[in-house]
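Structures follow.
After this come two complexes, each holding chain A, first together with chain B and then together with chain C.
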Partner chain A sequence: MSHAAAKTASPAGRTRDPFLLLAVPSLLLLGMLFALPIAFLLLKSFRDADGALSVAGYIAFFSDPYMLTALRRTIVIAFETTLLTLVLGYPTAFALARARGFVQTCILIAMILPLSVGVIVKAFAWSIVFRSDGVINKTLLGLGIIDEPLRLLFTETALVIGAANIFLPFMVLPIYAVIRQINPNLGPAAATLGAGPFFRFFRVTLPLTLPGVVAGAAFVFSMAVSMYVIPNLIVGERSQMLSMLIARSFLYLRDEQMGSTMSAVLLVIAAMIVIASSIILKRLSGRQA
Partner chain B sequence: MNTRPPQGECGMYLDVKGITKSYRDNTVLDKLDFSVLKGELVSLLGPSGCGKTTLLRMVAGLVSADSGTIRLAEREVTTLPAHRRNVSVVFQNYALFPHLNVRENVGFGLSARGMTKAQQKVPVEEALALVRMEQYADRPISALSGGQQQRVAVARALVVAPDLLLLDEPFSALDRKLRETMQVELKALLRSRGITAVFVTHDQEEALAVSDRIAVMNAGRIEQYGGPMDLYSKPATSFVLDFVGMSMRLAGTVKSAEGRLLRISTAYGDITAPGNFIAGARVLVGVRPELISPGLPQGSPEATNRVTATLSDVMCLGAKTLIYGAASGDDCLVCEESGAYAIGLPSAGSPVTFGWRVEDTLVYPAEHRQ
Partner chain C sequence: MTLTDRIATTVSWLIALFACIYLLTPLIITVIVSFTSSTVYTLPPPDWSLRWYESMARKPDLLAALWLSVNLAVISTVVALVVGTLASLAIVRGRFRGREALATFTVSPLMMPGLVIGVALLQFFRELGLRDAYWSLLLAHIVITLPYVVRTLVAALEKFDFSLIDAAQTLGLPYPKAILKVLVPGLAPAFLTSGMFAFLASMDNYPISIFLTDAWNKTLPIKMLQYLEEAPDPTIAAISTGLIALALVALIVGSRTVGLNRMIQ
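Then we have the complex of A and B:
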């Protein structure tokens, strides 16, 4: 009602949607606290210590094997984390969608409640579990499966497992949201048309849940590629990720150009993932529209 | 599309025997028997929760039976999974695949049977022509109207040459005009292809319109299974009387029974009816409204019944007019006249007499209302 009224009230040819005004406060906040600092950061990556324009930072970054190793490691760990959350999260999302009443509430709470516990607390919990005298090692030793404690903490495997644990809800919830939109009769319809379980999964279930998978993967990857606290606590200095090198540049080395350069690289990676996923999502929904 | 396995001419084509299904303490189907002849169009008619959809899904292989057997086209299919039964289903909301276009939807069952896109081309075109949707082959599903979606669902179900077609409330999502058109169209199509089909519906008009035989279901049982005319003129139970068509319904008590003629007292006077009850039995009297006329009936007083009440409402429905008398409790006093009879009738509040022949009076044991 008010929508239409506002439109007709504005002068001819200049229809403005007043609902956009509702987003102004959050846009202001994002602009002041996110866009502006990011812009400064990008500018800084193109200035040397004296303030003159230079691409020395990028040249230094891309010609330093240590930096490139860190970059590759960061991407690989983020990718592995995404893959693990997908493998664990996809069936979980189905269980969540299929469950009813109390059971569903329990799974949802189990998914969402850990989000309210700080990352640092969870990362500490993991370091306790993974320690050489931690729960896993003690169990394996007690069962006689191993003779001496395994090195779990400070390995990239532990990092991926820990990160996947923390990011799991961000994979499960988008997939769950998509599953809930799917007509529950599609599976039975496919079955009565002669489609066995595999055919049903690959021709019906998977294509229809793909938008959730893409959204979840984009969430998890962009968070995993820039995670800082989790690798710090689980892996420490042994295998540096980009985020840790950025912190070192700013806090210890006072090399603002290198810090800004690495931040820019990380930002571009995350932005590419988000843009790519939204393009894929548009394609997918375009096919269904 | 006509490659169907050879059938014996006699015997049941679909034969459901002694099927029971319970969810926890709730018995949905209770030792139910149901059968369909080859080429027959049959409806399962009943209120929601009567078990009709469960029975349909069980025949399709989507729900398992606790006990009993299902035979279809000379083979036992009780434990066969849905994708190996060759039973197609048109679902209530059509359940078309939103990520596939019309052609791909219709071809889905052929793909599942291992046919390539090239091999599918001819049968898919044929099926689309059957439902007059050829020109929509490359449209996405979301661009179709409800009626078009239903046609696609029918084409998708028929293209695989099913042994049996099941339809779950196939017309409920369509508006009234379109629904009637589609009923006529679908019935003609199924007849011309010799398809054996079972409709599930809660709409008695729909069941009467599309089927050769109707199974009226209530509380997990089939109350009566017969042709539309049988159900309407000879309802086996008070449930069928109530569910199929309109009826005048009066609660009464048998005063005396002489031979096969009962004398029954009702709140509106005594009436005579044929039946087998002992004196003192509480009964429900039913009469179809078009067999009742307002005013004194023709014929001798012995062969007719009449009750008098206050006229409460006159509803002119175009082809017919319904005249209601004020009734108490669960009773319903109504008669039907063809045409716009209301002209010249006394207005609401004046007394009205309903008269009908003794032989048209139906008597059932009184039941507790559910």
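Then we have the complex of A and C:
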């Protein structure tokens, strides 16, 4: 007994970090309420109706053309949404970093205020805009550009415009955070050394802002690939995304086998994004160090 | 500045201007619609009225949903602030192996599809025999809010100068008091912003909550979507305009006390 007590008091025992204790409540909470339920769900996707191990769910998923179309549509829409937020967000982040005083406050409020308004409200507002008697059609008709109302609502274009609107701040803010850390003299220094504007952008500015771009793109893509409320309000049943099929199979069809399989597929996509972005970010920071 | 530089700068300003208008469009539409006299969402409204604000008071189930959402958001945010701060201290100050893995793990619910977390919790709670909707929702909302706190507090603690605590002790403050007088005020902006984002995330959550509600416990987003599908009149716009006004006030207070730039770090 005394031997064991002596052992815990030895230097090897003392290296156990007391700070580890502070992490215990979080680990317990997230272990019980996040990791375990998800592990349980993954396990369930590998079982058939009788509880025997099987990959029947995955075979059913990947051999169903309807599911494959939904999967491809989900990824394409998430990709287009990410691209649109990047095209708009990258220059905006630069303008935000260059702005001072009142103008900067205005841009920051335009970024943060929409975050405080629910996704449902914003998606619904977009569905008003895209209606056949909505603002866009009325304006175009009034200007004589079109003769009859365009069908905008229920299209994937409308969905990408609405989704990119909701996720844009999550692209701008990480890029802005990175730009603020760049030494402002680097550009002029490169110019003094004879670098042209394109060389400066591609060899100085872009590599330095890449960590922000990767972080923003990963976040927007992972949110867009699993969005549910926005497509529900803007495209409805017309073009199903994976998340809508998951909700339908659990809430209405009670087909939990297929629902679990689809959830596992969506989870793998999201996990791949997280892992890929963290590997890329580590590489980028290693290169700069 | 060369001509190319000037063109690039101008273009970035124009895109920023467009992005700001684009971002505010749904908010402006909501505010305009809330003051319409019409029962449908015609734009521009035929006439102005406050009838949808009056109708808000006659919708007790919407108000009950608002109350449930505020209740869940406040409690889960407070729990997340306490538990999340402890975890962040462990991540930043600890010297044990796996600190990076711990940081990734505690923030990861943010990047995982909400719908999948909701489905997983639904099956898990059912297996455990937990059938109480309120408790299921509350536990789920702690999972929603915790990552926001850890993300912000890890960043804040990494910038915090811990030698200040030693200095306070040298000057005669006992350790608990040094923490209370030096560390807590230093982290106040981080508490405020992470608390705000956690609160908003909880208030706005639909994909996780939808799997855990019952007929008596419906959160505001669930009730709102149901309402929009059943009887879409501009009452929802009136409620949202109220929430936008509240958020604007919170932002102005935030910009005066913490500064908008610190709020988004």
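Here is the rule we go by: the second predicted complex is superposed on the first by the 261 of 289 C-alpha atoms of A that agree within 3 Å, B and C clash if a C-alpha of one lies under 4 Å from a C-alpha of the other, contacts with A are read in each partner's own complex, and residues count from 1 in each chain.
One rule holds for everything that comes next: a residue touches a chain if its C-beta (ideal position, glycine included) is under 8 Å from a C-beta of that chain, and two chains touch if they have at least 3 such contacts.
Quantities reported herein were computed from a predicted structural model and do not represent experimental measurements.
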item	value
Chain B versus chain C as contact partner of A:D17, first or second or both or neither	second
Partner chain in contact with A:F202 - chain B first, chain C second, else both or neither	neither
Which superposed partner A:L168 touches (first chain B, second chain C, both, neither)	second
Contacts of A:N185 with chain B and chain C, given as first, second, both or neither	first
Touching partner for A:F62 - first (chain B), second (chain C), both, neither	neither
Chain B or chain C, by number of chain A residues touched	C
Touched partner set for A:G259, first chain B, second chain C, both or neither	second
Contacts of A:L193 with chain B and chain C, given as first, second, both or neither	first
Overlap of the chain B and chain C footprints on chain A, listed as residue numbers	196
Residue ranges of chain A in contact with chain C within the complex	16-17, 19-23, 25-27, 29-30, 33-38, 40-41, 44, 88-89, 91-92, 94-96, 98, 105-126, 128-129, 131, 133-135, 138, 165, 168-169, 172-173, 176-177, 196-198, 201, 218-219, 222, 225-226, 228-229, 232-233, 243, 246-247, 250-251, 256, 259-260, 263, 266-267, 270-271, 273-274, 278
Chain B-facing residues of chain A, complex	183, 185-186, 188-196, 199, 203-204, 207-208, 287-289
For the chain C and chain A complex, residues of the former touching the latter	2, 4-5, 8-9, 11-13, 15-16, 18-20, 22-27, 29-30, 33, 41-43, 83-84, 86-87, 89-91, 93-96, 102, 104-106, 108-109, 111-117, 119-124, 127, 139-140, 142-143, 146, 150, 197, 200, 203-204, 206-207, 210-211, 220-221, 224-225, 228, 236-237, 240, 243-244, 246-248, 250-251, 255, 260-261, 263-265
Residues on chain B engaged by chain A in the complex (per definition of touch)	57, 60-62, 81-89, 91-93, 95-99, 108-109, 111-113, 140, 142, 156-157, 160, 166
